[in-house]
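A, B, C and D are the chain letters, set down in written order, and residue numbers restart from 1 in every chain.
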Amino acid sequence: MPVTVVGFVLGPLLLLFVAVFVLRGKGRQGLLIGFAVLFFLTALYQLIVPMDAIRVYIPQVLWKLITLATVAVLFVTTMRDKQFIVSSLIFVQSVTLILAETLLSPDEPTVFLQFQYEGGLLLVSGAFALMALLPGILSHLHRSSSLSKSPTRNRAFFTGIFLLMAAFAGILSARSITGLFLFGQWGVLADNYFQKAFDQNRQNAKFVLILQQSMLTIWIGASVYLNQTAGSLAMEDLSGFGSATGLVMILVLFMVLVMGRMIPEKVMARQYSSYPTSIKGLSVIMYSLLIPFSVLLKFRPLFINLDNKLAASAVFLGGILMAANAYYAGVSQHKEEILSHMVLFVSGWAFAAVFTGLEGIFFTFCYVIATAASLPFLFACVTVKDDLEEPDQSGKRKGMVKQLSLFKAFVLLMFLFAPFSSSLLKLVVVQLMAQYPLAMLLAVAGLVFMTTVVLRWLLDLLREGITQNPDARKLSVFLKCELMFLFVITVAVNLLSGTIYRYLQSQSLPMGVWPAADIEKYASLPGIVHLNKFGTGVIFLVISIIIMGAVFIVYEIYGREKVQKTAEEVQPFKAYSLTAWLPSNNRIFFWIRAGWIATMMLLVGVALSCFKA
Amino acid sequence: MSWLLNNGLRSISILVVQAGGCRGCALQFSMGMSLENEIKGISVTGNPKHADALLVTGCINEKSREAILQLYEQMPEPKAVIAAGACSCSGSLFRTSENNLYTTEDILPVDAWIRGCTPDMHEMLEAVVRAIGASLEKEGSRKI
Amino acid sequence: MLQSLIWFLVIMIVVPVLYLIENFIRSMMPGYNKSYLLQPIYRLMKLFGKRGMKTNDPAHWFSIVSCWFAICALFFTVRGENILFIFTSLVMMELFILAGSWNAREPFGSMAAQRGIARFFICAFTFMVSAASLYQVTGTLSLKEMMAYSWMHYLLLKLPLAFLAMIVVLLIRGSLLFFDFNITGKALNILDSALYTPYSGWSLGITQITRWVEIGVWLKLISVFLPWKPWFSFTVLAICYLAFLLTDGFIPKARWKKVARNAFLWGGGMSVMNFIWLYLF
Amino acid sequence: MMRKSWSEKQSSSLAGKWFTFKSRGYNLLMINATQAENKIILEYILEKEGDIEIVKASVPPNYEIPSVVEVFPQGEQMQHEITQRYPISFFPRMTKHPDSSVIEWGPFHPLLPEPVKFRLGLKDEVIESTCIETGYNYRGLEESCAGRKAEEVLEMLERTSAMNGFCMGLAFVHALEKMHGVDVPEKARWLRMFLMEMTYLHASLHSLSHTAQSLGLAACSARIFKLIGLYCEAAALISEHPQFSGVLEAGGLSRDITIETLYTVNAIIQEMEEDLKDIRDQWEGTPSIARRLKKNGIVDDRSARLMTGRAVRAAGISKDFRKDSVLPWSKLSYTIPQAAGSNCFARVMLMMEDALLSLELIDQIAEDMPHGDVKSPCRMDGSGEAIVREPEAYGTLALLVRQDEGRLQELKIRSAAALNFPFLPQCLEGTEIHDLPLVISTFELDLSSMEK
């Protein structure tokens, strides 16, 4: 197993123990900054120069011991928090683990952890997200008194973050089913510590925790069955279940939906309510976007010979996810809620894309990376806005930073531009959902409603530019440079989605499954932004950015000197919901719930019918 | 300058301000606009930023005065002011020493007057064209 | 290249001429304000002669950017580029017009911008689904190839409802008949000139040109569906649009929320039915 | 400065008097205030089928006394006028603070016939709370009339408002004739009735044109403008001033109007009958217009009973304001149009029916117009006091005149709009802002005669 992969997984664990037991206060923050930068640079380096040379051998027994240790730690923490249902579930898990080990002693795949073709890129975008949200996390540490004062909360906070990164790297690189279970438990443990760090009353997370633990219990039980029939725990060799493939696929789907919190329900979103914005952004991007997409891609061989009805209903579920999250984004009030629904919207797209052709995956991949690169920047801006609006000790409210609103406007424009310029084109051309008309209509409705939400946010941003507050406290230089740097990367990634296409084409892949033979047909389509071809698209884009830049500059100069007060400051128009013209709101919540429940039932029914055939 | 004058005279958008009192003059103006007459190109607007001329009718008390000054300030140049009716030209019967009513001349630079209690429709339209012509000439002389 | 330049000029002239004819015929009717034949042109010239606009509304600079995107959309339509790319330019144009009226401190401008966002959603959804059905039938998204295809085969046979849905989008954009969101404020309504409240002087002139160019783009886009020669189908559609303009005065103005629901039901519904129908038969 | 207020006993005794009159079926006609040495005397004038009762209350300046709105809600605007002129205030003050986004509309707008400013609390373009700010039409008419001769006062009263100028003048003339006991010749009374019907027709046409503009029917409002043009052409034959000012005189009319001019005027006027019927059928028949009108401007029955003008008949209460007048309407044969539902649709249909009714009455009056002279000699320099209740274009008008040796000592006018205005905010709540001009046009508020 390549040393870097082990480094990504076990490294954060090691640093966790160092941070928690050795260092204090400032030391911990320094360690976190160092870790984040190191994590990002090594991920980037590992992407360009895959270091398979240095290999280190870790015996299977060690992974089994770690799994048992995680389950034991979870059992102890849940017993201490008096969550007896969860602890009983965990007890069942530990019993099945021990029995499976003693009776069957399944042999783990020799290569337990390995970054496959897409894992590297997702790891880089995850590391980038952590880098983008780091300033927000640090400023939250300074500001929130509860974290700095009580050592237990501080310790829980740091364990949570390191565990989160370890789980993220683990799931991306896991190649065996028990690996998924292990790193899934790490993720749940990380959430548990976050709850302890932020949430005083901690009961709105109870339902989600039980749901996830029961899902993991079923998963570990099923892994025994899978091992018997397929003969190995590695995910690629999982095939040849014959009629049971459908059922296995359902199991995988439910696992991804539950662990990724992708069920469009208020309960799932409420669990994050107590988290600060930056942590909420980090966990949404990792749990709900990157991890589900990579897990589904790992089970890709299982879905290839799937019968059409199952794929159709799975794609339809993806469409519902997109439409539902676009609607929730339109209705929710707070900016971070809108952002998390935007992330879930893109993950709904990724969820549906996996079941279409390889071309669909190929394209959605670029869009997922573009999202993982641009949305953390917006989460960061929202955090900074909260910082500035937080009245400091003297009770004086800080003002609005005009430059921030222009950056945010540009990023949203790019986030808006990407779907229209590249994804829509590919969506229609690449038959992402063209074989599934109903799902496509839902997807188009979701996409257009999400663009409407972005349009409305842009209007607010461009109005923010005007409100000038002379005593606005200036942003720290570090934060300003970091935001500028991140903003440039975000715009670049969005514009270069065509070039990422090129990079993935050149990947030489072990299994030859990827990419599709006729990918050339799709890559050469009359895309809008192909930087290597000096087409009309590029001219239009360059001139547009020049004009927009000129107008913003004039707008800035013009605004500053001659802003006079009108006769009487009429309140900005605020009481206006985006869905004012729809008949009535609550009926639509009902339809969304009915939609996803019906599709889930359909999926299970179709899977069971496979048994008879 | 004649190009500016021709275009200005052929497309006039008026902001009719019924400042108070009986709205006989305002009704007379809207009647004049709709009936057959040779003066064309006049339209009514409610937004000061789109208006070329301000037609003030009725008595102007303190409250109306502040609102009218606000409107006048928002109108782009070149702009004309027309005082229509006895009430806005001289305050007619209602203007006495104690109930401090204003005439249009007291608060705005007036370009054309239309006297008479409920003046004639056609006379009003001609006064509007006269006022716009005067304001455009002022604009033209300012430019040269 | 020459042919596209000719088309560019033709459309830039035809749409204002439509509005001139409508304005002149309406002023001939009894009870209306009298006006010259070239009334809209005089108004445009007068607006460019204005100066001294209020300084606390810097938003009227946005009319320049929206005009740029409208002209780009027309240029790409005439060159037969990809229709999604054309729609992206129209989206950017719409964004900057809405931003201009949302930024000004006038509540009616903000209210019109909010209605503009709902109108955007309805037009975008209808257009996207129609584009998908167009792609299913013609196999391409570039306007040039579609024109060639519709010249050989009858598009209307396969896409009748998509054509009607696009006509609904045209009516929504032109604020005509039953699909008037009361945003551009032609008829007297409480929001005055609604979306264009903060613009005045030259920026109002530019927004007027942007509106005309946008209608030109939509007319050219929709003329793809008609099976005749491009210039003939464009003239037929232009005359239809003139008819809509003239009948607009006789239709009572409904409330914008009802209009929005109707527009979504009619526009969106027809395009979705056509899309599903393509798959079933 | 802290306002002192009446003692508990004083307040309850005044309120008690109001309740006794209300229980006996009296209605609040008007509130008059006169400045004594250092006290302000308030006169609450109550009326029931013609006989009038006055409740007096003397209040030292800067005092606070109970508000009459709990007992007679239609008195809110009358009290507001008194607070504008005298240092008195009324408790409890009802102020609603909207928490939704507040926007202002007015005071000058093409769809607002008269200057008034609306502060609207909106949520998703639905009005949650309204606060209406008036005062732009105030000219201090009553103060400037004090101490003037009857002719000058008549000339000023005829110019108070475009729609009700003639009705105000006629009410003042009737008050003088009642005070001096003059009997007017038969032909002068019939001619006055003829001119009143012409004024009603003019008012209905303008209300219809404003409603058509609010509905967004450009073609229809142009057509109604054509009818108004027809009316102006006919009215020009009678007097060069469109509101017939200068025709009236105490004791009759200033000049005679020959039968031929009446016939030509009647012939011109009757041409608009088909157009009016066609427009009525079009509005009634088009479902989108009818549905929109029926949905807006709903006034509950309790307040409709306290209002005046078409709003009362729209609520199904049959009340003919022409019967209040001394003019010989009883000699004409007509049935007063009635409607139900108390919403915009009922009021608009009544506008149409009343315009057609005025056409019919003008025809009847022109037919059997009596002969004789139009003026009886009389002297108007006596002194006395008269309270008169006369119909006006939008309901009933109340006038109090006190004259001392030919010089006007005190004049108090309460127009129909002063009764209907307090009920507008409550009726606006829940309507869309898009329909605001429509509800205002059907409420037919003549602000210039209300604020004077």
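The definition used in the following text is that a contact is a pair of C-beta atoms (placed from the backbone, for glycine too) under 8 Å apart; a residue touches a chain by one contact, two chains touch by 3 or more.
The shown structure was predicted, so the numbers you read here are calculated from the model rather than taken from an experiment.
The chains that touch chain B as well as chain C are D. Here the spacing of chain A and chain B, counted between their Cα centres, is 63 Å. Remark: chain A and chain C have CA centroids separated by 39 Å (rounded to whole angstrom). In whole angstrom, the spacing between the mean C-alpha positions of chain A and chain D is 68. Chain centres here are Cα averages; for chain B and chain D they lie 29 Å apart. For chain C, the set of residues touching two or more other chains reads 31-32, 107, 111, 188, 192, 256-257.
Residue positions 34, 44-46 of chain B are each in touch with at least two other chains.
Among the residues of chain A, those in touch with two or more other chains are 570, 572-573, 576, 580.
Of all possible chain pairs, the ones that touch are A-C, A-D, B-C, B-D, C-D. Residues 15-24, 26-28, 30-31, 34-35, 44-46, 58-59, 61, 63-64, 67-68, 71, 92-94, 96, 98-99, 101, 117-118 of chain B are the ones touching chain D in the complex. Interface residues of chain C, counted against chain A in their complex, comprise 55-56, 58, 61-62, 64-65, 68-69, 72, 76, 79, 81-82, 84-85, 87-89, 91-92, 94-95, 98-99, 102-103, 105-107, 110-111, 113-114, 117-118, 120-121, 124-125, 128-129, 131-132, 135-136, 141-142, 256-257, 260-261, 272, 275-276, 278-279.
Only residues 27, 31-36, 38-39, 42-43, 45-46, 49-54, 188, 192-193, 196-201, 204 of chain C touch chain B when the two sit together in their complex. Within the complex formed with chain C, the chain A residues making contact are 413, 416-417, 420-421, 424-425, 428-429, 434, 437-438, 440-441, 444-445, 447-449, 451-452, 455-456, 458-459, 462-463, 466, 526, 528, 536-537, 540, 543-544, 547-548, 551, 554-555, 558-559, 562-566, 569-570, 572-573, 576, 578, 580-583. The residues of chain D lying in touch with chain B in their complex are 107-111, 113-115, 117, 135-141, 143-144, 152, 155-156, 159-162, 165, 206, 222, 225-226, 228-229, 232, 241-243, 245, 448.
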